[in-house]
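Next come the structures, one after another.
Here come two complexes built around subunit A, the first alongside subunit B, the second alongside subunit C.
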Partner chain A sequence: MRIPAGREPAPALRAGTDIDVLPLLISALALAALLLGGFVVVAPNRLLSGSPLSLWQAAGPGGAASLLAILGVIALLAARPALRLQRVLISLAAGALMLLSLALAGMAASEQAVAAGRLTRVSLGAGFWTLFVAGLLLLADGAEREPRRAGKALPLLATLLGLAALIASGRLAHLSLAREYAVRQQAYLDELLRHLQLTGAGLALALVAGGAIGLLAYRRPQRAGPVFAVLNIVQTIPSLALFALLIGPLTVLTGLFPALRQLGIAGIGPFPAILALGLYGLLPVARGVHAGLSAVPPAVVEAARGMGMTGGQIVRHTLIPLALPTLLQTLRLTLVQLIGLAVLAALIGAGGLGTFIFQGLGQTAADLVLLGALSAIALALIADTALRGLALFLLRRPAP
Partner chain B sequence: MRMAGRLARRPVVWVGAIFLALTFGMGGLAPHLGFLFRAGTRLVYTRASFPELVASHALLTGAASLIAIAIGLAAALFATRPAGRAYAATLDRLGALAQTFPPVAVLALAVPSLGYGALPTGFALVLYGVLPVMGAGMAGLRSVPAAVLEAADGTGFSPGTRLWRIELPLAAPILLAGVRTSVTIGIGTATIGSTVGALTLGSPIIDGLSGDNPAFVLQGTVLVALFAVTVDLAIGEAQRALPQRPN
Partner chain C sequence: MIRFEGICKSFGGARAVNDVTLDVARGSLCALVGTSGSGKSTLLRLANRLLEADEGSIRFDGADVTNIPPVELRRRMGYVIQSVGLFPHWTVERNIATVPRLLGWPSARIDQRVAELLDLVGLPPGLHARRYPDELSGGQQQRVGVARALAGEPELLLMDEPFGAVDPPTRRGLQDSLMAIQKRTGTTILLVTHDVEEAIRLGGTLAVLDQGRLLQTGTPAQVLAQPATDAVARFFGGPLLGLNRLKALRVGDRAHAGAPSPGEGEPIDAEATLEAALARMVAEGRSRLPVRRLANGAPGVLDLADLVRP
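After this line comes the complex of A and B, so read on.
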């Protein structure tokens, strides 16, 4: 008998039969990049481009050997599918890989600062980034496939804790990224907070309005088509244009009614940014709410009505609990998308992490770009992981 | 005559017509928009003409989309063949992880290694264009009922003929929806590409925002929004033109 296409479980998921290819592949890639690319890059100052140092030159034989040893351990573990704790151990090794490469790069930076003076900038090279991303991929893969909740959370928490300890120990302070942060600590914290505020306000707007639209489309199916067609058009408009599109009308509006300006409504600044973020989140939220509610079997709703529940009770006790997986997924995807889009808010004078990216692009200061871009990526990853964790906790099974 | 009338009612025709008219007419229209803005605002964008901007934007998006569609489709085919099925879950996960990364951040991170201009933009365009095509391709190919595949095998189709004659046509509607998403994202990413120096319809927006010139911002946003909606509607028409799949 043939097994129907696509219904067969992926062999990697069948415990104890196959060698896990992904960790092997990633370790091999990381090894290749480490041998080819520079581990760190040393530049004479902040704006000049630098020359790469290999792992061997930057970290010495001991450092290089210990990194290679971790890659070897990951490869060995990948070939032992029968091991009960295989996934957890691979994830822990991946976390160790990330932390050790960061520590080695930090120590190399300290040595260079002593040897070549304060203006020297030591930034992270292609070899480092490959190792770091390889570790990140393995962690994500492990968290996804490990069935036990403790097994999912432990490697992530251990890595985060190690990262916090590494930063607190001051070993990373001489890396160009840390120095870029140190000279603008207050501004960074302000813009980070602003980024969170913009995203939060945009998300709240999208949840309230999009949720209402989704509920309406569920209650009145004949209206769903046109409503989603309109939202689709909004989603089609390029994000940059949507941010900028509001400048004109809002400027005209505040010109006609100056009183609006006292409410914080203006053509540029946070107000149009939040409005644009809210508009962009409208379709995903409305579609998610509609899809989640529509997936609840009508018979269940009928039964609830038969038991004498009121409309509100049906929503609270039947629809929302049954639609919860889809609703949580919608929340996660929308939040991650808005965190990324809020970077553009800096272009219309609303601040946020994009400020550093666009300042850095203007000054061709790669470290400043990196500070903003990495923060935005980290924020998106943290939000994604946290909401996956929340879904796991609330639903007692992995998010779809 | 009646057919022409029916054609004119399709949104893609009139939105497209407005888009084309504004593309070629913006240069002549712009000097007359002074009443909308503060006195003294420069009204005519001079770095490039609007047809040039549209052409550059379309070329960049089109080329990157073709590459992205080719890669995405190849990945989807690989992941649904017997040899590659083991990697399907991994590709899914990598796609989900990559989607978490903000496009602007990726665009900016590509600059140190790829320089300013069209190259980092093209890189980001391809990266974000692959994911929807790959996802839709996998979903589409998996949606082909097993009974149909067995019937094809029983008729004596070779795997290649089966793919070309049965699987791809049946997967086409879902695949095309992925292409539509991919191209829409591409047009948006190309617009942001002007922040790293690519010449697109985003250029007047960025120049207008940094130079405090709302006229440039307005011209750029209106054109790029019309461009995106026109292309989206055109692919929508292609979707409608596909034969409906019986359930």
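After this line comes the complex of A and C, so read on.
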């Protein structure tokens, strides 16, 4: 009997030969938003709302043309899948798109400052943000899909260097965002440091306690169920509520034992913030540690024990290296989550980048809100990228 | 080499091993056989103190094992399990070097030992040393598992159904290698298996276990000629026990002196099993085979009637 041969896949569906749709789509969206929305927004002063300026008005024909040209280049590159450095080139173009939009917005702000006076505020508009986020998405997509490590890192580093150079050159100094920063430089640095301290302390707490719980759940599987049930309940408390919930008990506690105040324990301030962040990190860390250890083949542990490894050697030589991919992922996800959550710490008087967000909300100063929010987002992105890089470095298989 | 004396071990009230006394002589290969749940794996894991006995004592090279720290004891015994358990993040050579590194050997001696062992288990070092376990076939992985267990020059090799997970031809190849290795190194081997053929092929001594009790010990020929209980007879094939007995006996055990006459076909080796001889007789339609050389060096013959001689 003859077995009918399977059909060949249609040529267009073969991997590596089709047009890359995502960059095309993103650049088309960027183009549309650019033509419709305002590139920057000009307001008479810090608190009044302003009116949008189109890219054409804000950047002039030359600036507009160069941005459109970059979008065109990205579209062209996306249609050339056979090109060897396709992804790297798209990522570099995306970085250029981000930097050029920022530079054009900065120049527009300088012109307005000269033309309309010091009180005038130039904020970044919807058109700018669409372009900037489109560039960011393309960069992230490129880093995810580019197979070579140098190809992943190069466009990111080039863009970061360009950004640093742009800021150092002072071309962005007249943007409203930069002016919000300029008037509170020292406070900004203090709160940024405080944000990092809160996140770091919360993460350390989550790693130690969550790690111990994950290890216990791995060693005593019959206890894993109840332990994770309790942690799940902690996780379902809304984050803002958790910060608030700690105020009561801690205040009562320090009322009963005033000596605790000497140790920095109080109902408001950094202590409850760190405690809340640690509690939030507990479940992801415990789950990650448990999942990572459980994924180590039991036969490997059995063999290690049977060959005479001590408990410590089993952990060092088998459990940790084999659980490492999951452990690094856990670390990354928890850190990013805590950087975001630490914004809420400002609400209970612990400071951090949230301070600017809540001040800005109070003053209806959108750019002050943006200063805090953008900084938190940037921190999260940097932490995420750095830990991804670390994972790539640690998990590479040594060449034979 | 290792002596179990009055060993009992229970798990939650159920007796897994019940009053077992067994002596494994230095340089021998003892196969612990029995059905699932007979206690054979438990007995093996008591030897290197992965489990501790409830009653009785185990003496290893004359010393009570409870007087030797478990980690030290295990490094003096090789350990091979069915699922191999190679370290997936280490190369083949790093895997084999595990125990020597734990013992703190100098690196030159480790390198030499690794190359020697790869050769011993039939893996060319140049091809395999730098590869990772997931790049090897199941049979190659178990060869590495055996090499790793032998690396620390153990006095005793413990093997828990080592070839249970590989296909039959590969299994026979691994069994042949194991016998050759034992001949060369003289290591004492205690091996757990539920595979009757494997037990008969490998076991210099069989120790038959059933429901935690040791029913019989002896050479395969002895056990199959006179099974001590019905349970032993059932394990070795029940009504087909006689056929398995042919696997345990060699042509040389039954052949008699005599000059082969022409036209009797290729002579058979005196080391071949009677099963192989019977297979040839059936296939070639003969009731007599010439034998290449008997123990005294003379040629001989094997008759069909020799197979059924008591």
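Just so we're on the same page, the second predicted complex is superposed on the first by the 381 of 400 C-alpha atoms of A that agree within 3 Å, B and C clash if a C-alpha of one lies under 4 Å from a C-alpha of the other, contacts with A are read in each partner's own complex, and residues count from 1 in each chain.
Here is the rule we use: a contact is a pair of C-beta atoms (placed from the backbone, for glycine too) under 8 Å apart; a residue touches a chain by one contact, two chains touch by 3 or more.
Computed from a predicted structure; not experimentally measured.
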| item | value |
| --- | --- |
| Subunit C versus subunit B on the shared subunit A, clash or fit after superposition | fit |
| Subunit B versus subunit C as contact partner of A:I237, first or second or both or neither | first |
| Touched partner set for A:P61, first subunit B, second subunit C, both or neither | neither |
| First, second, both or neither for A:G225, with subunit B first and subunit C second | neither |
| In the superposition, subunit B vs subunit C on subunit A residues touched | B |
| First, second, both or neither for A:A380, with subunit B first and subunit C second | first |
| Partner chain(s) touched by A:G312 [first = subunit B, second = subunit C, both, neither] | neither |
| Which of subunit B and subunit C A:V369 touches, first, second, both or neither | first |
| Touched partner set for A:L347, first subunit B, second subunit C, both or neither | first |
| Distance of closest approach, subunit C and subunit B, by C-alpha atoms in Å | 23 |
| Interfacial residue positions of subunit A with respect to subunit C in the complex | 297, 299-310, 313, 317-318, 321-322, 397, 400 |
| For the subunit C and subunit A complex, residues of the former touching the latter | 48, 50, 70-75, 79, 81, 83-89, 91, 98-99, 102, 130-132, 145, 148-149, 158 |
| Partner subunit B, residues of subunit A touching it in the complex | 2, 4-8, 10-13, 18, 21-22, 126, 137, 140-141, 144, 232-233, 235-241, 244-245, 247-248, 251-252, 267, 336, 339-341, 343-344, 347-348, 354, 357-358, 360-361, 366, 369-370, 372-374, 376-377, 380-381, 384 |
| Complex contact set, residues of subunit B against subunit A | 36, 80, 85-90, 93-94, 97, 99-106, 108-109, 111-113, 141-142, 144, 146, 149-150, 153, 184, 187-188, 190-192, 194-196, 202, 205-206, 208-209, 214, 217-218, 220-221, 224-225, 228-229, 232 |
